[in-house]
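Each of the two complexes below includes chain A, the first together with chain B, the second together with chain C.
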Partner chain A sequence: MAAAAPVSEYQLKAVFLFNFAQFVEWPASAFPQTSAPFVIGVLGKDPFGADLDDVVRGEAVNGHPLAVQRYQNVGEVRDCQILFIPAAEFGHVGELLARLKGRSVLTVTDADEGPQRGVMIGLITQDRQIRLRIDVEAAKVASLTISSKLLRPAEIVGTARS
Partner chain B sequence: MSMARKFRPYFIEGRDRSRFKRSFHQFVPLLTSLSLAFCGARALADPNVADVPSTGDLKQLSLEDLMNVKVTSVSKQPQKLLQAPSAIQVITSDDIRRSGATTLPEALRLADNLEVAQINAHDWAISARGFDANLANKLLVLIDGRAVYTPLYGGVLWNVQDYLLEDIDRIEVISGPGGTLWGANAVNGVINIITKSAQQTQGLYATAAAGNQLQDFGGVRYGAQVAPDVYLRFYGKYFDEGDVITSAGANAADSWHMARGGFRMDAHQFGDNWLTLQGDVYDGGENYGVAGDSDLSGSNVLGRWTRTLSADSGFTLQAYYDHTYLAQPFAASPPAQFFRGFPAASLMDTLDTFDLDFQYHLGWGERQKIVWGFGYRETHEADEDLSVVRFAPPVLNQNLYSGFLQDEIAVASNVQFTIGSKLEHNDYTGFEVEPSARVQWNFDPKELLWAAVSRAVRTPSRYDHDLEVPSGLVDAPPPFQFPEDYLKGNSNFLSETLIAYEVGYRATLASRLSGSISAFYNAYDDLRSTTSTPTTATYVFPFPVFFQNNLEGDTYGIELSTSYQVLDWWRLHAGYDLLEEHIHVKPGEVDATGATNETADPQQQFALRSVMDLPRNVQFNAALRWVDELHINNGPTGGPAIGIVPSYFELDTRLAWHVTRQLELSLVGQNLLHEYHTEYGFPSPTREEIARSVFGRITWGY
Partner chain C sequence: MSAHERPIRHMLITVILLTCGAVMVITSAAFFAYEFVSFRQLTARNLETLGKAIAANSTAALAFENADDAREVLSAVRAQPHIIAARLYLSDGRLIASYPDGDAGKAPSQAVLDDGYRFTAELLTGVQPVVQGRRRMGTLYLESDLGEVYEHLKLMSLTGAMVMLFCCVAAYLISVRLQRSISGPILALASTAKTVSEHRDYSVRASRPEGQEFGLLTDAFNHMLTRIEGDQTKLRSQLARLDLLHRITRATGERVDLPSVFRVVVRCLEQDLPIDFACMCGYESGAEALSIAVIGAQSAPLATELALSEQSKVPIDQNGLARCVAGELVYEPDTRVIPFPFPERFAKAGLYSLVVAPLLVENRVFGVLVSARRAADAFNSADCEFLRHLSEHIALASHQAQLYGALQRAYEDLRQSQQAVMQQERLRALGQMASGIAHDINNAISPVALYTESLLEREPDLSERARGYLVTIQRAIEDVAETVSRMREFYRPREPELVLSTVACNKMVEQVVSLTRARWSDLPQQRGIVIQLRTELSPDLPEIMGSEVEIRDALTNLVFNAVDAMPEGGTLTLRTKFVTAGSHAALDAARYVHVEVQDSGIGMDEETRRRCLEPFYTTKGERGTGLGLAMVYGMVQRHSAELEIDSARGAGTTVRLIFSVTEAVAAPSGGVPRLHGPVQRLRILLVDDDPLLIKSLRDILEQDGHVVTAADGGQKGIDTFTAALASRNPFSLVITDLGMPYVDGRKVAASIKTASPNTPVILLTGWGKRLLAENDVPAHVDRVLSKPPRLIEVREALGELTAGPDSQATLAESA
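So, the complex of A and B:
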């Protein structure tokens, strides 16, 4: 029977990343040129398969076409606007954040630890649903402005709270 | 990675999980027609409405709606398990709630890698990888970093270890040695019971239950924010369990009750500092038939300061004080010829423990993570000097000093090597060293292979070292000499040692299937034996028998655990353990029990659990377990005779209905297949049988 409607976990997470592109404001300095693509980076082994590519296909944000880039390791990370750190890669987060310091990159992870050590958004699976945890302060430090539409359903963590 | 954090052992607790519960409640489920279709319960009610939503459909949803979409999550296990190079299993708070368990030992039945045998209404034998005796002594148990084993016999008094189960965040059960981080007694396994932070347990929660065995049960918790970033909770719990019966059919007269309460405060207002202060008190008693009642009480207070220094460094400082008191009654033994008799008495044991631990972790270059720490523990134990049993000396102060160092080295991006050791000094045996080496290979993000070699020790307990059980024999007719004691500890008792070799594989095999398998080979030396005293023409008794370290041998086995998400609303779980034990007396030595005293273990056991979310906010849980027969010895002075505890099937179920968001009604059945069944004990008319238990429960809050 067709009982189960399997939304795969990473299909759903890919859609969340797509939404973040809409609900976060990047400074103009985050893009090398006005026509540069809006890059969603994925660190390490990519858990999305084709899902993330499907989500961004044909989409643009403020004139920046969306694109996906995959980085095998921290050393490969280049200009991107969102960087997804899969749970399995969370061990490298210290090294990664040191590298991203001073750059306007929205860092997102689905590690159970959630946003900490400066990672901004956690996508946490609980009761088979995705929960959002956001460290507003960490985003501010990177000159990112998160829309209240995104904050409202989220759990706010970190040192500063609205 | 796995063994890196002692106090927050595996998954980072506290800070980030903590606000979850409240924000969860802020969601009023916005059930659009589309998200309804994804919802498992709805799908069950009307299988035809469910369509696989396309990515395009999902992109049209609001954020709130997206958060209502159910995913086909494989397992509730935190993904970090895929980085855990040990045979770890995690019991989540959801698992506990759905199981219907009301006490800790019942909740531990959810770990496939544990043996849990209920001895009578109030006692359990719990172990991993064998050696599950009623005085099982090879497992270390910590509740929020506080070691709860008793130095009296090196085991855990499960009748006094409990908590309001709803406030437990998770129970991590590691089978296999953990001595490198946790020290002596983490020989066959480690259980870490981790409670939720005060912030996660805000508001009022109340629960009550009543049934045939669980006669009264009640629990209440209240949590509040007391200052910005400072949260506090108080809890209380009481239960009263009825008698079981003996194999002769008589009332076993072992009903018991326990009341406990406590608090936890969490504060994190100072940036990178996290402060926890918590404490518990308990008081209860057990019926011991004609001997009278036992008296059990205790209290503890623990403080912990965790500070994050940088992205990859920080420290934890923890101190606790723990006081326990137990008075166990002994019935009078009337005098007889050559026997002076014993008056009714009560063995009173008072234990005060002060413990201090410090742990520091730091990144070292690009590839290494170092964890080091040290600890100090002081115990003061006083045992009443009785004619029927005593410990010499009756009052004993002991000091334990320890230090450890561990290095995790990333030898490649997905291969990690961890090496470390503990060094500790105890008053009985001096220095002990517990090194280990582990390697993990995440050859795929969803698959992990690991292997480990470890050494662990069980240091002597007062039972091994200081015990004296008088014979009570007097007035020997000449020329015979009668022994003063018939069982004695040994002041030269050594530490028991283990070298363990383990391999394991853990994987998310498909989007709906996950599992783990581990295999081990354990080589033991200097295990406890009992030796009888040689008889002579004038000394005709083989007493006292006394403890020595004359056993050695090996055990091996496998542990299998797997979860399968059959449908969105239905998950199946299966676990299986196989254990072979070959313990023997060292060449040229003897053991009064023929090396059988500690190994009343099932060769095989399996568990099958079904977890269902049904329509109309109904949940149904069923847990079937099968435990192989036990070959059990009658204790150190009972000789080598072996009795059988028959294999058994048992079934636990829980049916729960969430009437409203706050109110839940449930009906729980435990051990439903038999009115009475035996899980442990040498065959005798007084061996106790465990009763079928059915109770109804109402819960408000959450």
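So, the complex of A and C:
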């Protein structure tokens, strides 16, 4: 289906990030308090502009209000539930993943070159459409449960393969 | 199967089939409705399930706008052939996938449809929201046709029709079997009822079928038949009794004497009730025994065993008979246990049951009906009731027989007295008429009497023969005068003026024979008929007291009758007898003289014999007056005599006059006239309207030397008398007739006495005797003389009345 509407790429990706919150379950330990916000973090330079804020404004997931935090570098990454790694920051992914090890953070990148190197979801642009590529094992390690519904339209990859 | 059996069998089958059919139709309809609704709901629910499944599977495709995935998810509906369209819309309304492929072009905007599943005319449409968590990702649109529902219904209808057909066939087969158990007994009952009603045979019974109700019905029916049969039998026997009662009543009604009533009752009872012994007894109130009146013919042998016979007496014992004569019907069911003589007799004769019924009239028992049978307890209540009714009828019939007898006697008495009254009445009428006739006859014969007497007295030169003729004429005239004077009297009992004298009957019979010779000898001989006359006269006949003239007249009449009764000739006998009734020795023995006139003529039948004494009754047609025998009868009555008539048709007639003989009273023998010398000459006025009488009386009186002036009519007489008185030449005596037109003798006498009280008046009348007899001599009349006047009487009267002026005043009373 063609994206006939004048929707920008990152507008769409912002919606996708928000939609991931619908299809993935986080363990309770992922939140410091029960009333803690559901944080979508963006590492490095923010490609979304205000689009992501527009999408999450006023929304909530399982009683947690949605919030967007931007991290300039890996060291700034703190408690968040989804961390978007733009393609430009993909070079720091090793360091980042090491730092996030043992924490339940869903990692998403739109770097569609090569293997994902342990990032859980990749947004792949093909034929002017955005496809999903999901590393189920990485998510499992991070105690995240990805809905099978999300797996249907996605391409499944394994860490071992990478 | 006969015609009237068909409907009930068919009805039963029809009822069963219709019931089954109706039940199945209703059930099927309900089932169909339920099935239709529930199947639609099921279809909708199935579609909803499918929609939910598809929606659940399409969330990610919609979330991440993956059209391929969405299309793939939609393709799952291919398994459902009735789904004709399916579409997925994004949350912003864009269509992302549709089924079947190529349908996208005609996909409608989702905005017109709300969420939910609904039926339209041809379709079932569903709008299913696609939700992930709480977030709506988009919308699924599904469209299904209703072919499945219709197919399902069609299948159901087919199945239903098959089931119904099967059920109907089954129901028919079952009903054919089952109806026999219902219609069978009913038809059997119906055919029994038909037999009963067609043949009137109440002895048939319906056979008892199985099943409680039918058993009960049949039992009830049979019970009813038994009752009807019983009633029928009872009715028949009642009818038979009624018929018997009717016959007996009718038979008794035809009889009017008690024995024959009793006999017919007993015979009917023996033959038709029937009973072994029947008898009827009479009972006098207060008597101590019954008398057996009638014993039935069949009961006779038993009666000898019972020691009963007709006219024998049965003492009334304390038991049944006493109660019965008190008016009670007594029934002894077993005579062997009753310790009384009457029942014991019956027990001994082998008659063990006994009914004694009283015959009651006006609360009085006058008889008893005894009926018995050999068997004990053989009379039921109907028998007793019958005997009670019968005894009432017999009593009534007997009573009527008695009443009838009494009525007959009363009627006979009444008839006799009526006849007597009628006879009296006729005689009285005749008497009145006769006195009128007598008056005229007296007038007519007066000149004959006067001249005859005058001739006999004054003509001594007459030959013997002429003198004899004159004497006979005189006697005949006297008889005529007597007869006419008696004509009005003959019906009366003896009257004062009947002058009795001794009558020698033998002599009188001879006189009658000679007086009537012309009738019995001369006249018949002219016609060549011979009548023998015999006289049988008793030589030592005593004289009787009576009127010779009357008796002679009566005998003459009887002789005339006898001659008339012998138109072909015969024997006429006149007989006298002296009869003594009772002992001759007794002084007061009744003695009678019989005078009989017997002929050998045609005789009289009973009717004639009964009526012959009535005045004006005659068998002689124009020739007879019907007075002859009536006058004889009047004479007989006046003489206190009796009249007997022996007669039968063809056997002649004997008429017997019976006079009782009483001691003869020395009667002055009349008939010796005192001869008067010529009296002094008188100037006499004679008033009469009859010129012949005037002439004869004037002749006679003038011969005696009187001067006679005649006046024809009362007024003329008065005028003549007053004229003579005025001219100083008065009449010394007046003789006037009584009956004259305009001015009668009474007025003449009154006028004369007014003008000259001392002038004697003699009234001359044809009614003279009656005036004298009734002491009705008019005032102003000194003497009454009857016509025809006898010369002697006239002279006597003239002599007495003119003897002296003194005697004149008293003469009227002494008359």
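Just so we're on the same page, the second predicted complex is superposed on the first by the 150 of 162 C-alpha atoms of A that agree within 3 Å, B and C clash if a C-alpha of one lies under 4 Å from a C-alpha of the other, contacts with A are read in each partner's own complex, and residues count from 1 in each chain.
We take it that a residue touches a chain if its C-beta (ideal position, glycine included) is under 8 Å from a C-beta of that chain, and two chains touch if they have at least 3 such contacts.
Quick caveat: nothing in here was measured; it's all calculated off a predicted structure.
Touch criterion met: A:Phe16 reaches chain B and chain C at once. Among chain B and chain C, the chain that touches a larger number of residues in chain A is B. By the document's definition of touching, neither partner reaches A:Leu100: not chain B, not chain C. When both complexes are overlaid on chain A, the residue A:Ile130 reaches chain B and chain C alike.
By the touch criterion defined above, A:Leu150 lies against chain B and chain C together after alignment on the C-alpha atoms of chain A.
Within chain A, the residues touching chain B in one complex and chain C in the other are 1, 3-5, 12, 16, 19, 23, 130, 132, 149-150, 153. Listing the residues of chain B that touch chain A in their complex gives 1, 11-12, 15-17, 19-20, 23-24, 27, 37-38, 40, 43-44, 47-48, 50-53, 55, 58-59, 61, 63-64, 66-73, 78-80, 82-83, 94, 271, 308, 310-312, 363, 366, 413, 442, 444-445, 511, 567-568. Within the complex, the chain A residues that touch chain C are 1, 3-5, 12, 16, 19, 22-23, 61, 130, 132, 147, 149-150, 152-153.
Contacts from chain C toward chain A in the complex involve residues 56-57, 59-61, 63-70, 94, 96-97, 132-133, 135. On the side of chain A, the complex with chain B involves touching residues 1-9, 11-12, 14-16, 18-19, 23, 44-45, 47, 51, 54-55, 72-73, 86-88, 91, 93-95, 97-98, 110-118, 122, 124-133, 149-150, 153-157, 159.
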